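So that we are looking at the same thing, I have put the structure below in structure tokens.
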């Protein structure tokens, strides 16, 4: 038994950190959020493709690096609240591979290389992100229906639309998507509601599509948990660092036991999330039968835990923690938004209960 | 025990409700959402509604009638604030002036100061902001370092203040500054200063909500005239403490009224989506209501104590911790229960339009920090109420 | 507006404290729990009758003192974890008054004077104390059925049995009750399951009985909340007192900020419970339309709050807090047991939600 | 990363499970409920099962084979403890002897001491209790005040120890006592002492559960022979810290296994009552399972680190806080969800018979206190892991 990343994964993690520190530190995440109408840097996305990051979830033969690498990369991205559809595209690339066929293969290549943005369009329910019922249809070469909270949907070159008939690919029409921006707490996480009445192509039928999409959902749940872990890491580190510098009542505030115990609680939540996320990533990578269960455990735990850690990081800083200038809000917003998507805390908890048949170890 | 409102108080509230029905054109959240508005025009909405309140006698509730106030009871003041919150009325842009600076002038100012400043304060012709908090002092008000250097009869102010509400729209600022660097409490003086002068720089400070309701103000050799000192030199700390104490009764019913409205809107949202039928959702909403009612009970108890002129007990620290931490739980849970829709900015298509949940969620993070952080309040409870030892 | 007890109530409160301090301090509660087979001191119960305590909930004309007095007395009893059926009998006395008629009047007098123990027998569901469905019947002068968790049922001289037909009084048969002791966490709170096939008398029919029992349940809910408040008071006071004496690492442990902030939280919970309980008592006493609502608020709040305060009181004491010798467990057990009865936290919360029609103040 | 058990470990576990199927007559909770038992006979049940374990080679897992141990890996030891918990097997009455005193003798004792004590320890012919904690020292082990005064070649012990598990049934006690009152760490010596001698008084200490599993022991001029000193004079602190460190791997999977069994029993109870169908109940049970699985993940991570011989990280304090505080939440919630039935003592008619919930509920209050309270553990995390400053 060992818990550490293997050599390749550790190298990927450190090179990802270097890349982000140089190309997209958290100050850059803020700039993108404020100034970039797409909500992400297209150049950097293309670079991620060139470096193989976007194909990370593909099968090994296709150049994938596995779920543990995926989680390690996303935790690094969480650390800088990295903006953009990286995770969504990585998941979609694998969906394209799983669908198979020429069209899918072509788009798989385009998405994995970073040339094209392809993401999933699944949910139709405004008040329940976990509702997998779909009304959208594919018929006579056309996709019709409405999808909501499509991540970076307005920016996508193609969408993989979950329809009654299966997974259909829709290319962006010349006139652009019939999209409505859905702006959330996390301004850098772009969502759109999209109304479809467009030409499309069925990539796989519903019987196969159900499994493909369930696999995709599980991977996205894992990825979101890893992002939240990264947010917690940074929130903890920068919060504690501040308490060592800032003085009040004649001493660094980090010397007060009240804040020390709070920080200890933040560490406990953060490290426990790390245990849960990488246990889940390992199970996913190895096709363990309980992968769905432990992935849901990780997400159900990461949600409330990341809210706690990121919220308390603001509290450790006091007044300046409430300013735009400091980074604490970036992590809180990402964590809070991710908690409701990619498998909400409630849905993840329900999934845990449903998959637990008396929990024999 | 008697928790019933007096007939006079009931009459006051009923008249107020009728007046609000008549005079409040629409909830402030609707104003916010009206595309015709920008930050400036929203301040005008607030200023105009304050003038209406003033004309109707609902401003300067605790001020004596000779200065345009109502001479109202603490219960009436508490009811006013609660009803305004329930109606989602525009908030006063001059609340710190009327709540803190006005009372300071009434109790400690000169006749000239009162005549000069009080009428324009109530009418909102002059907006006031507060210059108490400093970046280095945090929750420790006696630790301020902004200094006032003598310049002939007058003073020159050097330093920085933060958490300056509506600074960019203010005309005057009341400032605590050191006229003696050695005397921790006795070296602080209470100044009134115009903002439009050389040496005063207001900077909007962007908050995590993206708004700039608060600002910073920098003083670099700014002029504070001797005639604009409130009280005597070195009395500033005492005056500030006194007027902060006046706040005790008026806000007792406000948080539970405001949060009650938010819970109502949450229940509406969950009824619309059908989620309210789920037992787990019901349990969470029920627990939110329970906690808000306990907050209300605490408020009623504090108000009763103020109304009886009883000496302050532990209640102000308890109430502060309770409402601020509860508001975090409330907004956190509400957003979770509303699902994806709950994540939408109020301006986004498809969002609920009755509460700006994202703003409330973020704003709730400030509540445990300003006006004495939760940590400071717990220290106060442990030391002053429970009399636990210091090392 | 004022929140303080009036002169009579304050006098009652202080004389109750004196009475309990002299006749039944908490050390005595422990002795009774350990040694008294009935679980309470009959003499003292009779004395409570003579002093008018048992008739406290009667209407004013009948000598009652009102719900605020009731809550004040029970908070005092909670402070010493007073053992016995005081609250249950006081509630039953009022039920007897509300039923009316000669038999009820006779028993009302006997119960209020402390001569006889009369309590309600309502619940029939082992896993849900709030289930008000009854199967017990009254027919041909006999009561048949099974009631569970009847407080001090085995010790009662008569039981007021909720039946399909209404409230029936059953006197203890000569052979004694067909009772099974139900021992709970709080050893001093005796419960029994009782099987009935006994002669009885219908005191009031179901249509009236429903309201009478609803009123009784509401009063018991209030009373239980007040008991929990008393437990919290004592747990807070004795826990904080200990931290001022006990030294570790060269200082009284009460000087450590970690414990100071914990104690502050305990105070917040305790004082908030006081606000909620007495607001509810006032509403009950004055027949306010929202009495049921605010009583449920008090109970729903007092349950988890008292567990927190009483549990943390053990933690403040450390090792000795875990010993039988110290009093902390007495309060924790009473609070934890009361949380599940007399309107559980869940039922109280549901009642709050059900009665809240948009909460206009 | 590799979280899969090695084929050897799987084989070990499968054999163990088969052995338990064969050799564990019934769960310990059933023994507890058998009216034929009293406190003494229950200790015999535990002693007998320990002998069976020993005969099968499942005792002294980490001890070298030459001393009757198994020389097992940390993973095997962790699996053993987890499986015993899942099977609700009787707990060893000699676990502190085997877990702490035995390793002390093996690593620091003399050949004579090993031959004299180790076999009877494993066979449970002699039960050992621990004499580390003191009423005044709390979580500060170096603060002990029990003193050992020279008496010829030997020593006379004076003082008091607490939290003495199974004291009344023990034959020997291993004691930390001061041979030097000045030297905080270097003045402590590790003694072995027979209990049946003048000057040793064992008093059962009743716990809040009403049981007396723990006791106090008073030493008044009790004899500790020089030949029964482990290591050298003044090495006691170092030896104690070393053997406490040996505990690191073995318990990593125990809490989640034990609580997992409790959750299973809770689900059974809620399935029987039908309550499990309610969405609010499901949400609460689901959250309990989630937290237990995170506890398990933490344990797997710690075990992996021990298996790799990595230096200890922050995990021991994290794990301690996590399992102890979680167990309070688990039992609290479980009892609430089970309603009135959940309140019943296990011996009461109508109670669930698979878990002694009331005992677990109360016992969970001790978990945050013994072996370094939650407060101490948080201090350790803040100072050693987060390196936060001291004043």
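In order of appearance the chains are A, B, C and D, and numbering begins at 1 in each one.
By our rule, a residue touches a chain if its C-beta (ideal position, glycine included) is under 8 Å from a C-beta of that chain, and two chains touch if they have at least 3 such contacts.
Please read these numbers as outputs of a predicted model, since none were measured by experiment.
Set against the Cα centre of chain B, the chain with the most distant centre is D. For the interfaces A-B and A-D, the C-beta contact count is higher for A-D. A separation of 41 Å divides the Cα centre of chain A from that of chain D.
Mean C-alpha positions place chain B and chain D at a centre distance of 54 Å.
The distance from the centre of chain A to the centre of chain C, each centre being the mean of the chain's C-alpha atoms, comes to 51 Å. Listed for chain C are residues 256-261, 346, each touching two or more other chains.
Listed for chain D are residues 280, 282-283, 375, 378-379, each touching two or more other chains. For chain B in complex with chain D, the residues that touch the partner chain are 278-283.
Against chain C, the residues of chain A that register as touching in their complex are 256-258, 260-261. Those residues of chain B lying in contact with chain C across their complex are 1-6, 75, 82, 86, 253, 256-257, 260, 263-264, 267, 282-283, 285-287, 289-298, 300-301, 303-305, 307-308, 314-315, 318, 321-322, 375, 377-379, 381-383, 385-391. Taken in their complex, chain D has these residues touching chain C: 133, 135, 138-140, 162-163, 205-208, 210, 269, 273, 275, 280, 328, 332, 335-336, 338-345, 347-350, 358, 361-362, 365-366, 368-370, 373-375, 378-379. Interface of chain C with chain B (complex): residues 1-6, 9, 68, 240, 243-244, 251-252, 254-257, 259-261, 263-265, 267-268, 271-276, 278-279, 281-283, 286, 293-294, 296-297, 300-301, 346, 348-350, 352-353, 356, 358-361.
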